[in-house]
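Both complexes below contain subunit A, partnered by subunit B and then by subunit C.
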Partner chain A sequence: MTASEQFAGWAFVTPGVAIILLFWAVPIVWSAVMSFQSNNLLTPSTPFVGLKNYRQLVHDPIVGQAIQHTLIYTALFVPGTMIVGLFLAVAMNRQIRFITFYRTAAYATMAISTISEAIVFIWLFDPSYGVINYFLSLVGVPQQQFLNSPSQALYVIVIMTIWGWTGFSVVIYLAALQGVPAALLEAASIDGCTAWRRFRRVTLPLLSPASLFLAVWLTINALQLFDEVYLSTQGGPLNATTVLVYYLYQQAFVDFNFGYASAIAYFLFLVILVVTAIQFRVGRRFTHYRS
Partner chain B sequence: MTATSAPARGGIESSAGGGVPPVRRRRWLPFSPWHLVLLPATLVLIFPFYWLVVTSLETPTEALHFPPVLIPHVLRFANYSDAFNSAPFGRFFINSAVVTVLTVLCNLVLCSLAGYAFARFRFLGRGALFVVILATLMVPFQVTMIPQFLITKWLGVHVLAAVGINHIGALILPNAATAFGIFFLRQFFRTLPLEYEESARVDGASRLKVLIRIVLPLATPALATLAALTFLDSWNNFLWPLIVVTSTNQMTLPLGLATFQGAHSTEWTLLMAANVMSLVPVLAIFFLAQRHFIRSVASTGLAGT
Partner chain C sequence: MTGSNLIADVEAKPMPFPIRAVRSCFPALNTGEKFIFLDNAAGAQIPQVVNLTKVVQRPGVNWNDFWVGERDVATVNGKVIGIPALVDNLAVVYNKKLFAAAGLPVPSADWTWSQFQADAKKLTDPAIKQFGTAYVTPGSEDTVWHWEALLWEADGQILTADNKKAAFDSPAGLKSLTTLQKMAVTDKSMYLDPTDSAYANLFNSGKIGMLVTGPWDLSAFPNVHDGVQVMPAYPGAAAGHQTISGPDNWVVFNNGATRVSAAEKFLLWLTAPAQVKYWSLHTGDLPTRASVGNAAGFNQQMDSTLPGVSAFVANLANVKQSRPQIPTYPKISQVLGNMIVSVLLGKSQPQAALSSAAAQVNQILAAG
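== the complex of A and B ==
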């Protein structure tokens, strides 16, 4: 390597790398340090307290609830979004009239921000004037409290986020469906496979890399759920929708317990690492890559 | 990239009609039976959009009527001017546009430079730096947000007020270059043939000139993908603005809308009018550049396959 190449290399990477070091690499270390400190508004200094924050985390009943809600949410949202996306993508994967309209309608959900989405769904699910309660009343269901009900609020958030991610999963599955060779499907049908068997035995295995990607990607996003909760329920009613990141936000920027919040953040990181590692491990067994 | 661009070309006829092999069957409907699935599904998907627009045009009495008025009798466009007058949505929009445009431009420039250096130059510390960048890619934002907040606060006080708390500069600077962008462009640059660059160097072009004149034109699809993904991320970002911005005139659209919702939570007609106003620009851009957005999202999904 020449001196000029050395110089050019550093000159090219410095601006971008400096930003990433300052705003990402340093904070990763800093918040690790902070998670072992007592850092809140009450004390002017930030003494090291060892594992105190992590011990507090283990015994905090709200953290327990938040983990439970986060996992329930993820367990419903991820398969829900994948099934809706797969179903629509398969239906849209053909040249029929109005197909551009159908596809665009699905894609449009990708452009809407989480905030806009949450506001619309709060209104749709309004207990008193909401149109969903009206539709339910047409089929004889009594008035529901939805986001005001501790037993329903989390499920309403599942529904609104599935809607918001429909476009994304449709795009991923449609792109993957393009890669399914027509020759394979024809061969299968010549061999007497029914449409369902063709889908189950040929299409679905060929879609498995896309499915694994979606599962991992949606899970990472689901574990970080925040915007919709902040807008619609603020973690309530009765903590029924307090998820990990919402509790972390409250600890950090409402109560300013930076030390404890950092411990929660690292715990969240650990949860994400473990869950995605499991997904890759399990996923590998069901994933078929065409070489 | 060729495989990933398939959906954008709408080239569905060839491979993907795959679901329906050319077997002649009796048509029991004058149209494809798939319409029976797609039409109701699409109605469900677009109903929230319909309801959003309808509510934004109703009178407060009609909006707060049960059973709901599904088709308004009179269209009340004054909701839009009322919403516009009760919060500075023009300002929110300009802030969002400035933040998003600058973030996208900075990412294109800084990630191109760094990505190209990581792809082509050998320099001391390259391996170590690249590993650090990959490591930050794995860590969720929530882990870094408290120190990011403290660093931003410090920068605003001691270095430059415009990048500190309560300034839109604080929304741009931390995201002006992303580990994803550097990694993504580096991977793409490495797939380009080396010959053009070498011959240009022999002809006496500087390294920067080679990047600008030869490499970047070849990398347009990758740059477009990075731009589209950065645009969506930046335009919709909520948590970071929520943390660093509290003064109304520095808010972006999502934050302004959320604050407006907090203050007018029962005035549904105004809220929906504000929501429509915040949606129209991004929907317009999305539909104009739909091919790019779709291809970009699809390519992230196909990257691993």
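== the complex of A and C ==
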């Protein structure tokens, strides 16, 4: 490579690199620094407080609650989205009429903005006017409070987000299903496998790379849940839907505790790092890559 | 506001939009962002915020012409940090058709909370899913300030005069919280809205009889024939009919003496009576000056801009108190939000909720 080629190469990537540095690298480093400061971004004084923010995090009861809510949410959302996605993908992995339409419809949930999604679900689950309570009343279930109930609100958000992410997992699984060799399935049939055993012993193992990818990707997103909470319950009722990122937002942008909020952000970063590492390690054992 | 980067709009109450916070980062960076939204008391901590105490005392400004609720909020620790830009307040917007259908006379200016409660009960009809009133229950400041007006009307206070201790755990606190509890829990005449948005659509669909809300919502009700009345009072309470306001201020940032003086000059022009009147008549925003609001014929003109808004203009005289101007208020607000929601959802009794919230608020105040 000549020097002028080198120069041209750098010239082409510089705008991109500058943007990445400015909007990614700078905030990452800055928030790391802030997490050791008492900083409200308003006053010039930003005293270094060492590990105080991190110690506070350990003793903050709402952080404890937020971690609990985040874990419950993740534990339901990730398998939920994968199972629903897999089911729909298998159902749509065949040549029937209007299949393109069905596939597009399944993916449409990804194209719909979170705001529209939240508004629709707010009305579906409205205790008095919502259609869900209407259907429940038809089978004799009494009126549920849903987003007004501290014990139900989080589960409504789980359902809302599973719906929103299903399209994504459908597309991933559909692509993976196309890669399952017909010869293997046929051989299994000839050996006398039932349809279920074929799915369980041949298809599912061959989908495992896609499953691992989805598990990791959806978990990272689940741990960062914010939009749906902000739009539907604002962390309520009575903190029942306060997840880590929502609490971080509250600390930073309502209470102006940017130091403490940065500490929460770094704690979350560590959690995601550890969880992802575990997922890859455990997942490797169950993942089959065809050579 | 071209050519000047000195002026900002500082909010008196926490704004529900993240943009507020994103923008509020800028003064610290000194990037010259033109408008920012942030809490007053927090804003007052920014060293670049110019002290306008002497500016508003200049001849011709007539500082006392601004409503007392505005002046209170513009003043933090005795320093005037802003000039009122926008003002609002809470009143009762009611559906005339639903009142007539229930055989009820429309609310009068001397009505009481027990009348409000009785009306709400009569306006409620589970068969057609109609509610007497509504309350927003995300637990945010929007939940809190609605209750604070009731607390003041019951002769109560949020904090002690020195802002050192909680004062709402009082007979007035109990009375105000019990009023809400009766409607939400006992009568079930109150639609609880955790999303802070559904209530307006329901009112506009004729499903809610009365709303305690502000002038900004009036234009959202084109489908109902509505009337506006002041908030009810508690009989025997010295406070009478009161309300609460969340005024916004123009704030000047110090980016050099020349710019400061230009910005001050511009703001004094912008907030002079002639401009205030022009602005209000063209936007429907309430007038920030009493002389404008009280001028003969002004209310009729306002009503032709935005029907019903004149009652909110008159209601500005009932803004007699303001929320504590302290940096810890957002934290206190979160405690109060949970206190109110726990009572409205029937999860706790008013007295127990008040005591527990007061203990938490005292802790926040002690920590500073």
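Basically, the second predicted complex is superposed on the first by the 282 of 291 C-alpha atoms of A that agree within 3 Å, B and C clash if a C-alpha of one lies under 4 Å from a C-alpha of the other, contacts with A are read in each partner's own complex, and residues count from 1 in each chain.
Here is the rule we go by: a contact is a pair of C-beta atoms (placed from the backbone, for glycine too) under 8 Å apart; a residue touches a chain by one contact, two chains touch by 3 or more.
Please read these numbers as outputs of a predicted model, since none were measured by experiment.
Asker: Mind working out whether A:Gly236 is in touch with subunit B, subunit C, both or neither, as first, second, both or neither?
Answerer: second
Asker: Which partner, once the models are overlaid, touches more of subunit A's residues, subunit C or subunit B?
Answerer: Looking at subunit A, the partner in contact with more of its residues is B.
Asker: Who does A:Trp123 touch here: subunit B (first), subunit C (second), both, or neither?
Answerer: both
Asker: A:Val171 contacts which: subunit B (first), subunit C (second), both, neither?
Answerer: Once the two structures are laid over each other on A, A:Val171 reaches subunit B alone.
Asker: In the overlaid three-chain picture, which partner chain does A:Val254 touch, first (subunit B) or second (subunit C), both, or neither?
Answerer: second
Asker: Given the touch rule stated above, what does A:Gln152 touch, subunit B (first), subunit C (second), both, or neither?
Answerer: neither
Asker: Under the stated touch criterion, which partner chain does A:Gln56 make contact with: subunit B (first), subunit C (second), both, or neither?
Answerer: neither
Asker: Contact-wise, after the overlay, does A:Tyr134 reach subunit B, subunit C, both or neither (first, second, both, neither)?
Answerer: Only subunit B; A:Tyr134 stays clear of subunit C.
Asker: Of the two partner chains, subunit B (first) and subunit C (second), which one does A:Gln279 touch, if any: first, second, both, or neither?
Answerer: Once the two structures are laid over each other on A, A:Gln279 reaches no partner at all.
Asker: Touch check for A:Trp30: first (subunit B), second (subunit C), both, or neither?
Answerer: It touches subunit B, and subunit C stays clear.
Asker: Under the contact rule defined above, give the subunit A residues that sit at the interface with subunit B and also at the interface with subunit C.
Answerer: Dual-contact residues (subunit A): 119, 123, 126, 128-129, 230-231, 249, 252-253.
Asker: Would you mind writing out the residues of subunit A in touch with subunit C in their complex?
Answerer: Listed in rising order, the residues of subunit A that touch subunit C are 40-44, 119, 122-123, 126, 128-129, 145, 147-150, 153, 230-239, 249-250, 252-256.
Asker: Going by the contact rule set out above, which residues of subunit B touch subunit A in the complex?
Answerer: It is residues 3-4, 6-7, 10-23, 31-32, 34-35, 37-38, 41-42, 45-46, 48-49, 51-52, 55, 63-68, 70, 110-111, 113-114, 116-118, 121-124, 126, 129, 132-133, 135-136, 138-151, 173-174, 176-179, 181-182, 207, 232, 235-236, 238-239, 242-243, 253-255, 257-258, 261, 268, 271-272, 275, 278-279, 282-283, 286-287, 290, 293-294, 297-299, 301-302, 304-305 of subunit B that touch subunit A.
Asker: Going by the contact rule at the top, pick out the subunit A residues touching subunit B in the complex.
Answerer: Where subunit A meets subunit B, its residues are 1, 5-6, 8-10, 12-13, 15-17, 19-28, 30-31, 34, 87-88, 90-102, 104-117, 119-121, 123-124, 126, 128-131, 133-134, 137, 163, 166, 168, 171-172, 174-182, 185-186, 189, 195, 199, 203, 209-210, 212-214, 217, 220, 224, 226-227, 230-231, 245, 248-249, 252-253, 258, 261-262, 265-266, 268-269, 272-273, 289.
Asker: Where on subunit C does subunit A make contact in their complex?
Answerer: By the definition above, subunit C touches subunit A via 14, 16, 18, 20-22, 24-25, 27-28, 38-39, 42-43, 45-47, 129, 131, 137-140, 191-192, 194-198, 202, 207, 327, 330-331, 334, 337-338, 341-342, 345, 347.
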